[in-house]
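Each of the next two complexes has subunit A plus one other chain: subunit B in the first, subunit C in the second.
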Partner chain A sequence: MSDAPASRGRGRPGGRLGDRPERPIEREGARLARLLAAPAWAMLLAVFLVPILGALWLSFRNETLGSFSPPRFVGWENYAGSLADPRFWESIRTTLLLLGLGLLVQMPLGVGLALLLHRRLRGTALFRTALIVPMLLTPVAVGLMWRFMLDTDLGIVNWALGELGAPEPNWLGSRWGAVWAVTVVDTWQSAPFVMLVTLAALAGLPPGPQEAAAVDGARPWQVFAFVTFPALLPALLVLLLIRVIDGLKMFDLLFILTQRGGPGTATQTLGMLIYNTGFGFFQTSRAAALGVLMVLLVLPAWLLWRRAERAS
Partner chain B sequence: MTRPRLLLAASLAALATGAGAESISLYLIPSPSSSAIQSFIPAFTEATGIEVVVTETPYGEAHQKLLLSVQMGQGQYDVAQFDNTFLAPFGAAGVMRPLDDYIAASPDYDIADFSQGQQDYGKWGGQTLGLTLSTEPMIQWYRTDIYDQLGLEPATTWEEFRANAAAVEASGLGDGVILGWGREATWWWMPLVWSFGGQLYDETFEPQVNSPEAVAATEYFKDMLQYGPEGGLTANGDDVTIKFVSGDIGAMIQYSGYWGSTLDPATNPNLGNIGTARMPVGPVDVTHLAGWNIGIPADAPEPDAAWRFLEFVLGRSNAVAYLESGAAAIGRTSITGNADLLATNPYLPLLSIPATSRIERYPQIRTWPEVEKAILDVMPAILTGEVEVQAGLDALNETLRPILAQERAP
Partner chain C sequence: MRRGLLGDALSYAVLALAALVALFPVFWTVTTAIKARADTFALPPRLLDFTPTSRNFEAIWETRGFGRILLNTVVVTAGATALCVGVATLAAYALARSPRFGGRRPLEVGLVLVRAVPAIVLMVPLFQLTSRLGLYDSHLTLIVMIAAVNLPFATWLMASFVGQVPVALEQAAAVDGASPGRVLWHVVLPLLRPGLAATTILVALLAWNEFLIPVMLAGTGAKTLPVYVSGFVAARNLDWGPMAAASTVAILPIAVLTVLAQRSLVAGLQAGAVKG
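Up next, the complex of A and B:
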């Protein structure tokens, strides 16, 4: 029995060339490619793998920057402690609440704006540019700007509401006010991203099916519901998962806008809880355990995203 | 260069002979105090030949970064500024070097120029880990124009303070009062608890935040909301001052260190109409004292040169120049009693705390950041009436128990 087919290409990129035997010059090229890529791989290992392994190691110890007791291995204690802590579950609920509200508003709004801009009406270019501006700003600047705008006494939002005779809520002073404020500001900044990606997906669709449907007498909403939307679905799924991952790790906006998750714990997401635990209370190991739990929370979304991306 | 500075520079030049340090590194937190310190660098370098390198880090991450740096033994900084709230965590982690020997041997620093309470301000575990970089008692600020119009006097008790607030509110001249009910509510809540005779925990670290005194203080804190501006509920430390100076509010309780930030007519339309007085008292006469510390990190490569710098900037010889360079005042008796300074700094006598008043710093416990967060987590629900004061404080007491229990560990 010949072993030639089984040995061909096993475990090395050079072997994927097909049935043609690899020539020395190709082997040399592959070796050179690996050599050239090695620094990038080393950098990736240093930047991603080492900290991740470090955090994992830390999460099984009792390290605190305040040095209460000598550091030692504590097994699953930090994980058990985190899971038994009501603050952890409250932060999960808050994370999911902000994520859900954000998606409910951002996805339809972004898609709607994209459909509008796709029609190339007069002034579309100007409108599109104006809509993209918030996306280009850093979340910290956005948070700071909106914090002043939402100030109950000095902010322009309540001033405008007052001029209209509407109630002037204390946006950042109550739980639901703060939750809605975060949703509005996050939407202001993220909806343009949804719009841009949708617009790109719309531009990539062949016009034929839509034209055929129109010729067959379908109304515009029917064309959208039965032709355009199904064709957009793979792109929207990827978009949704990207927004889910972004939403789960939202941090900078909350840090500034609601001043680290306030009022009280109203907008304290899991990311903010990790920050407060690690850098506020100096409980490094507990924060590392929370970080690992957060990775586990994000992992399914990431896996789905990878799968959806491959499929599309 | 002023005459005292020149004199000190000459003496330091003599002392510097044979000194090995070529440069020192300062770790500062952006603030008027930091700017004032930096204004002394050219004179110090001229006098000693020691170059000074400055790193400024925003408050939000400054203490964490310093803690990490020292724990890793990086030897990055020779002088470090820190908030007094971090004195205990830093003391427990051995971040700062004790300064007592330097102080005892320094006639120019002249520790006797401070009252006993202020000499203890940078002490943890019996050792001085930080010099006083600013002396900032919580004081009463009031609008002289509004008070004069209504015939009001600055309050001496909390009940008078409430009556004044009600009078201003009723007059329609503005809001009665502003306290920080928002992100930094502990700044105001703690002094009220102490002033009403309560405490946060006892000597065995059992939490006491649901005692009748603490409940009464919290009821008062909540009740004062009705006399404040709408946005008081979210006002953090800086916001309180901004709202007070830019709007029409009868009075504010705030740290004296904010005085320097109220002197800009562009941001303070009420400049010239602001008076200061002692914080009102309750059943207990308490002065809540806050302010920056500055010291030498445990891993400082050049501790002697670092001390020389601290002595140069914060010694008695340069105390007036330091204040005039825009810093928050340091409560030396030679400064608080200096009549020449009163025209521009009328609050200075308030830094001279009467011996009858109990000085309360931020709780000097290692778990303070976590304790404070727990208080701040529950406060909005109490202030908005989402939970009753007693019920909220009962829950807080339970939350604090395991946190404070860590203090019993060696």
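Up next, the complex of A and C:
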């Protein structure tokens, strides 16, 4: 079965790999390559294709955990039910809200920090080390730390805000408080990633055009706006789409910080709704249908990502 | 010149502030872990003026099965890392060196899909499947699953490292009559050692941090540290000391790793983040 899709690629005229020079592995190569790729193939089949097919199968049945009636096929019932459920649409709005807010804060912040680090001032390598720490830490532990710090009465954040005379929001107990809490903590963990990838992209830019613009008398902000930023744009687009994909995946943080999408359903994203449906209410088939719908939601981001990668 | 100095000072100030924000929660957690209860809740907060205590660590150590949880985490992390890096290295070599072979395109598409599709979608059917096959709550299930979700990242990272090995060396060995298998084992792998190290460190880190898979597919038998740490979320306002201690145990190895292998980490994260 693995040969059929590949032969399509082989027959494509002017394929993007067609004009590379002959490499040693190529002669006996294709057979060896197939062999080397076989374990990866097996893994993808076992833990991806099988569960996806399983989800499709489940989504057309009415399986619930702990039900005694024998499960049967119910056609599109789970899909129709999901689409008619206001909680589904609310979860999509919440997903997009958290994603949008997160990106609006993380992207400028990460890119800004990268630009500062890219100046390579003495001693700033140390700052870089400090700044990548958050993205490496266990998300579950991060969620707990911030729960502790954002506690309305006993947390250090509201104490500091009180000392400064600023309002003390009810972070995890109100709808908008929770939305901002998730945005703050997600930014704390993800902005370093944006920073690091932007830093690599900056290092890869040829210095010539920027120096030329500076010599011609452009101010630093002009060099950035008219030379650096446009050159950086393809890489930033790929980065943005990776962040979209990872933002849609957000799970651990919500699980801990807002205790599975709370307060109420204030931060219940589609991923969290799937969890709560399947493992909170044990509606296995309904959760599977929601999962299939989520894949459809991720698909556009995925296609755009592939295009952006090809382009850059 | 004056503008330059001002700009530099501003850069330092912003970076220092950002570093402070990045590190403070870690400092706060680690110090909370060694505070007595009264110091934990003191406001204004006691940043450094408290008497350290090991009581919180003793408390979590005395939790039933904590030793087993640690052992599970180490076994699963080591197993998943070895499996993932091994499989990824072979696939990466095929992808980087062989422009066309049967199944190449679907493999590429499959890797991108695994990277893009949220794992929660797979968990609903996998929970049923593993329960029925008697694979629920086993180390093997966790190892294979965690290795698989990290396979795309590891494969792209290794492919970018393979791309840096000069093809001429392999051609020379091939001309001398070495079989492709021998070329891979004796020529390429030794040159890949720094790349392998970076990939291993990063995958180990991701495996150590993994929460979704063990919380869904393991019960008490194969419970890992992140799942144990997540248990503290139910304890409202009471158990902050032990909670901080548990979090500290989870993040300590990472902090050590960050200091020791910073260069590898940064290089790996930058190369593997964007598909090579």
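Everything below uses one rule, namely that the second predicted complex is superposed on the first by the 280 of 312 C-alpha atoms of A that agree within 3 Å, B and C clash if a C-alpha of one lies under 4 Å from a C-alpha of the other, contacts with A are read in each partner's own complex, and residues count from 1 in each chain.
Simple rule for what comes next: a residue touches a chain if its C-beta (ideal position, glycine included) is under 8 Å from a C-beta of that chain, and two chains touch if they have at least 3 such contacts.
Nothing here was measured: the structure is a model prediction, and the numbers come from that model.
In the superposed model, A:Leu104 lies in contact with neither subunit B nor subunit C. Look at A:Trp305: by the touch rule set out above, it reaches subunit C but stays clear of subunit B.
Taking subunit A as the reference chain, the count of touched residues is higher for C when subunit B and subunit C are set side by side. Once chain A of one complex is fitted onto chain A of the other, the partner contacts of A:Asp151 extend to both subunit B and subunit C. Judged by the touch definition given at the top, the superposed model places A:Ala141 against subunit C, while subunit B stays out of reach. Once the two complexes are overlaid on the shared chain, A:Val295 sits against subunit C while remaining clear of subunit B. When the two structures are aligned on the shared chain, A:Gly280 is found in touch with subunit B, with no touch to subunit C.
Contacts of A:Thr265 after superposition: subunit B is touched, whereas subunit C is not reached.
After overlaying the two complexes on the shared chain, residue contacts for A:Ala166 are found with neither subunit B nor subunit C. Residue overlap on subunit A between its contacts with subunit B in one complex and with subunit C in the other: 151, 154, 259, 279. Considering their complex, residues 61, 64, 67-68, 71, 89, 92-94, 182-183, 229-231, 233-234, 236, 239, 242-243, 246-247, 366-367, 369-370, 373, 376-381, 384, 386, 406, 409-410 of subunit B touch subunit A.
Against subunit B, the residues of subunit A that register as touching in their complex are 65-69, 151-154, 168, 170, 172-175, 259-260, 262-266, 276, 279-283. Taken in their complex, subunit A has these residues touching subunit C: 2-3, 5-10, 15, 17-18, 20, 23-26, 28-34, 36-37, 39-41, 43-44, 46-52, 54-55, 57-58, 63, 113, 116-117, 119, 121, 124, 126-149, 151, 154, 156, 159, 163, 188, 192-193, 196-197, 199-200, 220, 235, 238-239, 242, 245, 248-249, 251-252, 255-256, 259, 271, 274-275, 278-279, 284, 287-288, 291-292, 294-295, 298, 301-302, 305-306, 309.
The touching residues of subunit C, when paired with subunit A in their complex, are 7-8, 11-12, 14-16, 18-19, 21-23, 25-26, 28-29, 32, 41, 43-45, 86-88, 90-91, 93-95, 97-107, 110-129, 144-145, 147-149, 151, 155, 167, 170-171, 173-174, 179-181, 183-184, 205, 208-209, 211-212, 215-216, 225-227, 229-230, 232-233, 237, 240, 243-244, 246-247, 250-251, 254-255, 257-259, 262, 265-266, 269-271, 273-275.
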